[in-house]
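Shared between the two complexes below is chain A, which pairs with chain B and chain C, respectively.
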Partner chain A sequence: MSTEPQIKFSNEESKANIRYKIAQNTLNIIDLTKSTIKSSESNELFKNSFKKFIQNEQLIESTGDKLQKIHIIGSQLNFQKFPRRSIPSSTKMSKYRSAGFIGALALGALIRLCLINNQSLRQWLQNRVEISTPLTSWHRVLEGIYLKNSLNSSSYEGDLVHEIPMMINLYHFLIQLLSAKHIIYFFILIDCLNSVLVYTISYKIIQHTCIMENFNKTNGKYARLFESKEKREDFLLSEKNFRPLFWSLLAMACYLFNPLNLACCMSQTTVLIHHFILLLWLNFLLNGKVFMSYFFLAIHANITVYSLVLIVPSIGVIRQKKILKRKHIKSELNLASKHLATFVLLAALVFMFNFYLENFNTRFIDCTYFFILKVRDLVPNMGLFWYFLTEMFDHFITFFIYVFQLNAFLYSVPLTLRLRDEPMVNLLVQIGLLYVFKSYPNIGETGLYTAFLPCVAYLFPLMRNVLVYTCMLIAGGVLAPIMFYLWLGSGGGNANFYFAITLVYSVGQIFLLVDVFYACLKREFIKLNGSDVPLGTDGKPASFTLE
Partner chain B sequence: MRLKNFIFLLYLLINLTNGLFAYSFEEKLSLNILPNSNVYFHFEFESKWFKSVKSRTENFHNFPKIIGDLVSKFDIDELSLSLSQGKWKHNQWGMPVVSAPSGGELWASFKDQASQNIIDSNWLQSSRAISGLFGLSINLEENPNTAIPTFSILSDTRNSSNIRYASIPNEIVCTENLTPWIKLLPCAKSKGLAQLFKNAPKLFESHYFMINLNFKRICADSACSNFHFDLRQILSLVNNADLVTRQLNDQESTWSFNNFFQNKITGLCPVAQQSMVILNLERKAKTTLIPTSKSGESYSYNLKEFLKTSKEFNPTIVQQRQVELSRASPISIHRFITDKNEINFGIKTVIKNENNEETSVIYFDTIPWYFRVYVSSLRVKDVERNLDFKPELISFKPGLDRQKPHQIEIKLNLRPRGVYSIYLRADFGYLKWDEFPPDVNHGFYINPVLVTINQNGQNTKIYSEPLLMNLPTPDFSMPYNVICLTCTVIAIGFGSLHNFTTRKFKFIQPKTLIEKIKTFFKK
Partner chain C sequence: MSLYHSDTDKKTKLFEKVIKFGPLLSILGYFSGIVYFCLLPHEALIHGTYISENALLPGLVSSDIFSTDSIFNYYHFLKDAYETNGGKSFNSELINDIFANQLKIESYTQDFNLTHPFWSSENENIRSGKNVYAFGRAQRADGTESIVISAPIYLTGKKNKKIPNLFGISQLFILANLAKNRPYWAKDLIFVATDMEHVGIQAWINSYFETHSDSIMAESLKTRGGSIQAALNLEFSDINTNKLEIKLEGPNGKLPNLDLFNTIIRICKSMQFECSLESEKSFNNDFSYYHNRPPVDHVSGLFNTVNMMFKQATGVPNSLNGYFLNHRIEALTISGTKTSSNSGRQQKQNVLKITRIVESTLRSVNNLLERFHQSFFFYLLPSSHYYISIGMYMPAFGLILLPVLIKILTIWFTIFSKKNTESKGKESSLLVLDLLKCVVVKLMVSFTFGIILYFGTPFFLMFGKVFNLSAKDSLMNCYLAMMANIFVTPFIFKTRLSSNGNKTEAENINKLIILLSLTIFVGTISVLNFSLAFFIAIFYSPVSILAIQRVNNKILKTFKIALMVLACPLVYFSLIYIKYHDKFYDFVLASKISDIWTYEMVNLFLVPIWSTLWITAFN
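Entry: the complex of A and B
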């Protein structure tokens, strides 16, 4: 794709065609103005496109071809008209928005506050292996704090604690501040903040997607779509047919009322805090504060090694933003390496800070980073590693650990390259894939990325087997504790029962993410090639496949 | 020539006398009467070897060479191995002369070395050697269970950082372990007190059976240039006289040594400098045998003198059924599993001070690594007052996966008649399928707790019962299926992502079946 999309006028193109395109262009600009006049960023964008438009007009004028139509449409471009017209609707919207927002948040908080009184439920949840993984168990955090402060030894002397020193210190500070009994309120607060972040991020994602589509439309990238016979005006996204307020509210509700997330909050797993850091990364990234976003990603990468690779989709987003701002990108490789270097430096700094907190004792490296990579604790979870490594023959273990870990890190670059024009979908799919293929997944992580699915709601009609994996995920979630009980509680089943359920759950997640990816690619194809299905030589419609 | 002969004779004589002084052996049997017609036999065999500075070659004389070589090679100062079957009932039987946990226990104290790693490797090698010597299945490499006590007292004199301790509760003692143990005695089981062990299966019919081997290197000076080896072998057993004689009398039971061992002492071990039998009857029983010496109610027989006049030693004893304990246990200790669920469980140890005075005890606990103990869950409680109790000292060394067990030591001051509970919470660990022992559903042992009581400067050891716990087991029958299925899932993910990232969408002409076949064969 050319780094700077612009309208090209070749001599072969007929004048009518030029005329048509310019008219289309202008109308698009008007659309764009209506929808994005509020945000300063899009204002700039608008100005840029407008300048471009004027240039084009001049170009045409210089060729001596005077088109009245253009002047007429051009005169419609009155800046003051659109904001004024959009005022009443925006206040109505903001009312709707604030009522829905506050209502959902309050209800979510209320449910959580009601549930904390149920001690037996909380204890049951705290013991669930799917939630309290070795990396996120609150008991293990308490053990680390106890070892460090009451016994004056290192948190990492044993093989129980796998949080980084920074986080252990943070939790210790919080416990001192709030007492161990009231720390649950802090978790509820973080969970609510997470939901607010999910809301703002979803809003940004949707807005960004709409702007992007409008931008590409303006630049005539989707010309063939408009040429096709079956024109669907609402196929391309705009803030009219894909309202960010509604869908981001839905995303927030998906986060707040997802039973997986509720369970995580009640069991006080530290995964909520990991989510918080990850969401801060996304938030800053989408707001264009690159340094801050990299800082939080660096912390998250230190907690769970896997998120290192999320730097690649981040660069994808930044590149897209630059294109939208019409900044010229000299070399994509240069851009990528510059951002990568910044991130690596930040991650190293965070690591050094942890190293310093541990008084330069190297033991914690083995307990945190290498623990995740070597998968030493074979405690069951909803992932793929534990039972595989339990049953693996001794002399193949190292090989398969390498293969499985590589698999988790593998997809970031190819996916970013393939989805370079859809960085938002790329982000979502990559976060999801990391959570599926990591060594100690937590069901809360599924809860996090599925909350962002409303942001890609426009892909739902193109997805193939929604029912299959929805059922798989629900069956997995419901049957996991039952099968676990059958295996270890009643003794009625064996480990294979639980293993089967974790497989179903993992396959469900993979199907979901691959389907999002597939739908996105299909949509891109339609946008670029139009929605007409060509007829073959025998008059039958051609089939749509992968080459 | 004569001179040469004379010198040779002199040399022989010196060597012989050397040998006489260099080795000594004593044997002793003491018998105690326990309530409910139970009898407690305690055999003690002590071999000593004095290292003579002059002799260059290691000549152990009658001292068991295998032990001598072992302790010399690995620089062992002190070594203790005990194997037992059954449980000593402290509340019924009082205190034993020598305590031992159920199953096996091995500990050794090593000479100071340049680094602890040398001691560790010496420990592993010596444990293997001992395992081979006594036909045991101690495997401290695959089942790492070694603890280094910080302030627990195992040995009175040695530096604790040089001590290695392993509790092996799953070790079952049998005749095959007894045979090599008996072979260490200079007369084996042909002469002396050991004649009673001739019918070995009879020994294992007892309620409690214990063999112990205790080696010490005793130095004469601080530099330890002059030292002697002291090997003490102990065999204890408790059996019920009524069961053995198959008679039931409400008041008393009559039995002889022959009933218990189906054997009598007929000869003396010629090497033994002393062969003693002491019957501690203490108004609980009477014997028909005329004692060689009598002090209070304990009859002691010097077999050397006794067998001069008599052909055999087989006393008949008339024992009262209901008798009082002579040595009550100063504390009682019990251990059990509480609130178990699928994920974790609690281990509770209750210690009761049976004394009317304050007692200082040290609790020493090693828990295998595959029970993931949370030390933050440690609660020491005064049960009667229902209060948290602050122990004097706590030391916790967390375990490492496949490397070392969790080790907890607590120093407690128990108030008179106080009851205390020590509670710990642990998660189940998950082992790989090839790490499980052959009999998986037998369960995994949690080592017995060792409590050392310090009373009037004397250390007494008491062990709790070991616990048995099932670990979550994978399915052992289908590793291939698991490998295939998991790889399939990974392949589904990889395959579809690879497909979509490397290929583009395209419209193609639908092919008829014939066309498809044609293209297939063209390839």
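Entry: the complex of A and C
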């Protein structure tokens, strides 16, 4: 902007008028943010951004395209003039918040504590293939610990255990601390901690989205939105019309009371601990502690190989944080490669640590990383691999494993590039896709990323087929054990019954993620181009399709 | 026009069409579903049964049973034992003795106890019995597979009279003799004579597969055969039999593979012996039974189908064969009936034929190279020669459920249509909060009823003890209390919405959730027990639509409420209880003893769905 030529205003009066209005507007917004945002960091951020804003306006004055800019400011001011609806004061809201937070957490914990008394239910769940996948089964962990400590051999003897040595040692430590019988309480604790993390992360995500939108608005990026005929005052997010407190509480409730997560907690799968690590990554990432976040992502990537692609959306988030802080990014490639190198180094360190724990025995590499990549265990689960690979002739398997595995890694970079201005949606979509395309998916993973859907609830009016995939997901979840029973229990059905349901379940998830993606793109289009339906080349209203 | 909503023109058009033609389509769908179902046994739609598994080769072997002498010997021996000591000497010990000492095959007894799952009076609390099981090992085979032939020692006749299964047990001996002497058996034959009817067979099967049961404590088995491929259960209340009836229905709507059934029918035909489904009606008796395939009789076919569906819908096994089905063993019951009195000569011939039929069936199954996997597991039988496959009857179910689906679509569109989202003008978080408050509370209250009924039955019975009521009567009181509670709920509990709340919106979402949960429930059940789902759908499809409809006319309103009361599952339970006192109590017990989930599923899911509908109807 600084390169633009300076032109003096002829009319001093209007200039003063505009300045006054801008100042008023800015103060107004700062006041509002002060009352709603407690966090000092974001407050600081706001002040900074508004300082920049005012400086910008001074630049605007000096730009050539004077009239248009005045128009923008005018429309923004008009925008502020809409009468505010009565909303509960922030103190009342925060009271709601703490009551809701504690209430939800207590209720969630209570339900879990009640349910663990039902031994038959727990046993049934522990044996479900949808929950106890080879990677997350607690029985396998116990076996690994037994092999290691009682028989003094490697945990990976017999190709039963597929967790990394680090985790096996951790579980062993926990069992020594708590005894195998009481370890369930640890799982409940972790699940509750997960829900708290979901809460804080959702809060951060929403806050970030709101700040970003406000930032872009004040920068005049959404000028055309204010020029469009039909104005929707609450279209752009702010913390007034999209309350972080409420929606993050809802996200937490979604995590705590999701039957999928309840089932995972009951069956003591280690996926909860994997979730914990993943959520720590997200938490540190959103709090700006990049190194810590990469450290946890490196651990998670060592546990489930697929999550290493999540480094790409993390870089997207960091990039936008930099933009928000008005740090100049010299070269995006440079930034990306720097972060990538850090991550790879950390991941290698974690790997070396595991290697050291195994006394530099290479056996575990085959049992963990290659086990995941080669998909050796074809016991049915809710994923897409097992059926295809059981049906396939042996000499095709290698090729198709490559094709299938590519799916999990392929979308990361293009999606991040496309959604570079919506890194939060990008995070959500990528975590989701990862869980759909991985080789041994667990239903708890669906439970995890669907808990974050309230963070993008503002996309809901733009989504297209909510009913379709909601029904698909519910039908998949309910019918999966039944079809499994018909196939392997009563013998009336066959493998296709269960496969059909896993397909419905996976396709439902993909529909959901694609719809979130679509809605996000459409929203972006509206923000940048206004809400009027553009005319196509033939003069008729153009339609919005995802291609 | 703007881009703020997800609707495209196509979608709006679809919405308009659904609104316009929805009611018509619903009515059309529902009635055409019923009509289609009634037409299923018609000549044009029905298919004749056929044997799918090639290895079975029914009726191709020549029988090794040449005379009835030994059958009658055993029969009279058992009969004498039964008649001499007031029936007491005809017991497991006697049967064990014959197996072990006369036939000289491996034979063991198994003791078991039945503990009453609920509280009841002291004397009926624990009952015990004794099973006999014997092994006819296949001489030239490796003993990896086996066939079970079971017969209850006593049958329950009319008015709970105990009838000795003399002929059935004697057939076990004849077959045991064959198993011992013949070289062609590829599978072990396991002979099981069970005490206390279904309790005995369940105790034996539980021990065989080492599954745990809370109420049946059984001794573990001393030895086992190979994996069981099929089971035949023989029930003959009288030796004077000239017709066989075949019972199929297992627990929770399970059915044996149709091939097994077809085999028996085919063999009976080749032996020229009359054989049919249980209580099969046939209105035209003109045809000769030995025709290749009798002509289709639409009316009686429909009658038989519905009859079979009623039996299937209760979820209670029709006979002892059902308990094998739980363990993936194809099983059916052959029972004998008498349609006319026979001369002594004819009787002898019939006895020979029946024994040969059982032998021939066993030898067909003996031919099997792999488990029963061909043919059908999901079917309905309008007669013994025709079947309706799942592909034929499922569309009827779908059509009957169509009104609910259309209603779901309509409600969905009205909530999220263009107009609605534009006029919303309210903060989204408050809106969601309102909805949650309104919808979740209602659902929670309803599901509490279900959970109380599901888990609370033993407590209700305990509670009855305080008032000196018998267990059976306190069950009735439990229903009455629950019904009173549910009926009163809408008047006590009025959903409070925030004053500026979007009442219609919340109501719509509430309706949507009820209809969705109903569809999911019925759809899920339809996979497991089609008949139960079908009957529920026939009732609940119109009732649910009517319940959520706003009605202003007074007459219509009373009609609606009357229909809703009629649809309440608890009302049915009470009515059935009044009519069949003991049978219903046994039904409730069966859900605890034999893992029959019909009663529990209805309590846990249908009662809450109904109660939500009831609350909504009064809103």
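By definition in this document, the second predicted complex is superposed on the first by the 448 of 547 C-alpha atoms of A that agree within 3 Å, B and C clash if a C-alpha of one lies under 4 Å from a C-alpha of the other, contacts with A are read in each partner's own complex, and residues count from 1 in each chain.
One rule holds in what follows: a contact is a pair of C-beta atoms (placed from the backbone, for glycine too) under 8 Å apart; a residue touches a chain by one contact, two chains touch by 3 or more.
Bear in mind the structure is a predicted one, so any value in this text is a computation, not a measurement.
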{"item": "Superposed partners chain B and chain C on chain A - clash or fit", "value": "fit"}
{"item": "Contacts of A:519 with chain B and chain C, given as first, second, both or neither", "value": "second"}
{"item": "First (chain B), second (chain C), both or neither touched by A:489", "value": "both"}
{"item": "Partner chain in contact with A:106 - chain B first, chain C second, else both or neither", "value": "neither"}
{"item": "First, second, both or neither for A:348, with chain B first and chain C second", "value": "neither"}
{"item": "When both partners are placed on the shared chain, which of chain B and chain C touches more of chain A", "value": "B"}
{"item": "Chain B versus chain C as contact partner of A:471, first or second or both or neither", "value": "second"}
{"item": "Which superposed partner A:228 touches (first chain B, second chain C, both, neither)", "value": "second"}
{"item": "Which of chain B and chain C A:533 touches, first, second, both or neither", "value": "both"}
{"item": "Which superposed partner A:406 touches (first chain B, second chain C, both, neither)", "value": "neither"}
{"item": "Chain A as apex of chain B and chain C, Cα-centre angle in degrees (nearest 10)", "value": "50"}
{"item": "First (chain B), second (chain C), both or neither touched by A:461", "value": "second"}
{"item": "CA minimum distance (chain B, chain C), superposed complexes, angstrom", "value": "5"}
{"item": "Those residues of chain A which chain B touches in one complex and chain C touches in the other", "value": "489, 522, 525, 533, 543-544"}
{"item": "Interface residues, chain A side, partner chain B - complex", "value": "127-129, 139, 142-143, 145-147, 150-151, 153, 157-160, 376-380, 384, 386-394, 404, 407, 410-411, 414-415, 417-418, 433, 436-437, 484-485, 487-489, 494-496, 499, 503, 506-507, 510-511, 514, 517-518, 521-522, 525, 533-534, 536-538, 540, 542-547"}
{"item": "Interfacial residue positions of chain C with respect to chain A in the complex", "value": "1-6, 8, 11, 254, 325-326, 328, 371, 373, 377-378, 408-409, 412, 416, 421, 426-430, 432-433, 516, 520, 523-524, 527-528"}
{"item": "Chain A - residues contacting chain C, complex", "value": "85, 87, 228-230, 232, 234-235, 241-243, 246-247, 250, 457-458, 461-464, 466-467, 471, 474-475, 478-479, 482-483, 486, 489-493, 519, 522, 525-526, 531-533, 541, 543-544"}
{"item": "In the complex with chain A, residue positions of chain B that touch it", "value": "341-344, 369, 372, 374-376, 394, 396-401, 406, 427-434, 472-475, 478-479, 482-483, 485-486, 489-490, 492-494, 496-497, 499-510"}
